[in-house]
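Input: structures, listed below.
Shared between the two complexes below is chain A, which pairs with chain B and chain C, respectively.
Right after this comes the complex of A and B.
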């Protein structure tokens, strides 16, 4: 109940942002929402089930390309976005069957290859995807200001739906089973958890919203190419955000997205040449000082409360 | 009497090793069967084979009317076959109550997480862990973790419960407590297979013993007869000692 209240309050507050009328802030907020979606999504498979997936970039790129190709055939934009999400989800369910029996580092490596494989596939199909030249997307015939607002609200709605799904999953049998799998998969199996089905469900959940985010992103920037939408950083950043905010928590991923992007923006503006190194430093500090993320660390500082639900 | 579990000529090979070799026996409803044998006899492998963790390489396992030889562990669990592990397997960071609730939730008896937690509370009371409900499982002592394993399996509402050395590493009083709990479980109509090294414990609790040695079944029957069987004495103590006892009789 408290989680729903927090979610609705935050989203309602963010929805007022366009009143400030600052396109820079709006652009930044759109990016925050996008990364919140990606971090929240990664949390399903990486945080709840404990499978460190690098496939986020693959789902993002697949969603972007699936939607771009469909729009190239003349389909309406919103329908194409939904298609991008479904394509990513179906792909995750399929590829999950092949790699989810691997554990730990082996799974991480296998999931890392998935994005590379898709990138090569798209490079190899220039007739359909434009290959290395990339693809252009239709331009919206509305003013620059209303376009910025439109994409901000699109990402905000997606982030809301994704966080709402996270709240539902956390309290459900699925979330409970995933936590069991994360803690001890063999014991979970013996207790009657269909670990294979649960992991596939988590992997598909980690794909669907990222696919839609990729599709919205493509329409937003209007030009996509493989190195952009299959960028490995798209897989790494959500992980860092979740670790920063709190692994397996409901709002940790979104909080991590806000903190990391704020930090990136500051470093990037002030130290252009060393911002990549700065990201590395954050990761090191995280592992050393905040192994359980900011949320649980802050919770540890607070006086012990009676167990909250 | 009807057989609840039937093993028909089951074998399990690991490379060149016959960990379980053409074993056949059955367990009747309501029995407490003691499964004994020296270290490395294949007792745990036999349990793994029945629960689908390492399926049989040949032979058939039947539970009630169903062939479960090739079934997956979670499917077997949902049919009412529960086990505890020799090396305890809790969900370490989850609370004690959630550990037990998992059993109730995934074996199909509880509709929701909350209902599962209510069921779990009863089993915690039964195993004497009610005070520990909100603590993480990792914080329990070994004796309590063993009881947690029991509570988890009981929450699955099993018809057959396999206890893999629930008493190993416990002191005298803790063993007495555990035995009392096992007897009460049996009184509720649960069929039990106990793997146990403490001979006194096995003899006091089992209706029937099954003895494994080098993966083969070498004897079965009433406890007092089985422990006097020369082949069993030979397996535990060597041929020389067995021969001496023969001469005495």
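Right after this comes the complex of A and C.
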């Protein structure tokens, strides 16, 4: 119950933002929600099941392109977003069947390659996707201010649904099974956890919201190209956020998203040429000194502990 | 077959030879990566940037001191050995026993720093070593090959064989193999695990630096190429099977030939996709690779 209370309070507070903030604040908040969705999603497979997936970029790009192509055919926007999410989920279920029997490094590499292949595939289908030239999306016929609000609320709703799913999963049999798999997959299998089905479910869950986020992002920026929506950093940043906030916790990923974005804005603004190195420094410090994330230090008053077995 | 068939056969022979030359260099790119992965269980994302750094050492040695890149192997190797030793001893050793996610993320972070530093120091512009006295073209039967590439491939394979002998015959090599086989048992036998970790990582970096020096006469040099080389190392390791020098050698040669033929048949822009597709299939049917087995030698 405590987790729900925190989630609803945070989302309600954020929903008031358009009353107070300018468009810059709104843009940042939209990005925070998007990052939170990606981190939360990665947490299903990476944090709970312990499978280091690099496929987040693949789901994001797939959602973006699936929705863009559908809208190019004249489909309404909201329907296309849903389609983007479903396409990413179906793809995850399919590809998960092939690569989820791999463990550790092999799984990490296979998921990375999946993203690269998808990017190459989209590059190689210029008739459908525009190839390297990218794709334009329909422009909304509303004012700039109301458009900013519209996309902010869209991302906020998505982040809410994603976090709500996380709370449900954490308390459910699925979440328990995934934690068992993380600790000892062979033992979990022997004790009757259908590891394969659980992992596929977690992988699909890690795809569906990211796919929708990619679709919303595409409509938001109105132009997508493969290097942008299949960027490897889109797969790495969620990991960093989750590590920042706390692996396998409910609110860690969202917290990590806020911290990473704040840090990014600071660095972008002041040290543009070394922003990649700055991200590298934060990763190194994080891994060496805070391997359990910030939440582990303040865990006492957070619900993550209460919900773990 | 007639004359047309003979010409096609000759083209295939030429393509295969080109692929083998490329593959020898791929083997050299991958063998250090495979060593680190096999012994330390660390995927070293830094490997691509190490190779590029090795290329820059050779480039500057050639431009400013007139040293031929083949001789710069020593310089690149020594520089990268030192860098690798310090990085492992100072940073990576602290988390070397942690789960995959942690070590992977750490080397990714270190790579962001190193690659960004190279971008700032050397810019993203492509540099090239233009040899003053190229070796010309070598003709073997109907096949023509550029002499410098063949020499680079020969040196690459020689280095790989040297590493193999080092692991087999030297005291430190046996210690590295022992750590790969059983970390705890090796420690109980009096092997200084932390030192072996650092030496292994440093030798991996040395091989990357040496490969970089060899590649400097073939590929343009830029920090932007680092992910490309890393990708090759991945593919070769999985193709050949992790943790064996002969595996990396076979994997490298196989990848070189495959890429050579796919870019002839489907165009060079498809060859990377196809080798990745092949890799996925291989991971699915035989995750241990073509020559995978326990023990690193």
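Note that in this section the second predicted complex is superposed on the first by the 298 of 309 C-alpha atoms of A that agree within 3 Å, B and C clash if a C-alpha of one lies under 4 Å from a C-alpha of the other, contacts with A are read in each partner's own complex, and residues count from 1 in each chain.
As a working rule, a contact is a pair of C-beta atoms (placed from the backbone, for glycine too) under 8 Å apart; a residue touches a chain by one contact, two chains touch by 3 or more.
The structure displayed is predicted, hence computed values, not measured ones.
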Greater chain A contact set [chain C / chain B]: C
Touching partner for A:171 - first (chain B), second (chain C), both, neither: first
First, second, both or neither for A:179, with chain B first and chain C second: first
Partner chain(s) touched by A:189 [first = chain B, second = chain C, both, neither]: first
Chain B versus chain C as contact partner of A:234, first or second or both or neither: neither
First, second, both or neither for A:255, with chain B first and chain C second: neither
Which of chain B and chain C A:32 touches, first, second, both or neither: neither
Contacting residues of chain B [partner chain A, same complex]: 51, 53, 72-74, 77-78, 82-83, 85, 89-94, 98, 101-103, 105-108, 112-113, 134, 152, 156
Complex contacts: residues of chain A adjacent to chain C: 46, 50, 52, 98-99, 102, 104-106, 108-110, 113-114, 116-117, 120-121, 124, 232, 236, 239-240, 243, 273-274, 276-277, 279-284, 286-288, 291
Residues of chain A defined as touching chain B within the complex: 171-173, 176-177, 179-180, 183-184, 186-195, 307
Partner chain A, residues of chain C touching it in the complex: 37, 41, 43, 91, 94-95, 98-102, 104-106, 108-113, 115-117, 119-120, 227, 231, 234, 238, 269-270, 272-273, 276-277, 279-280, 283-284, 287
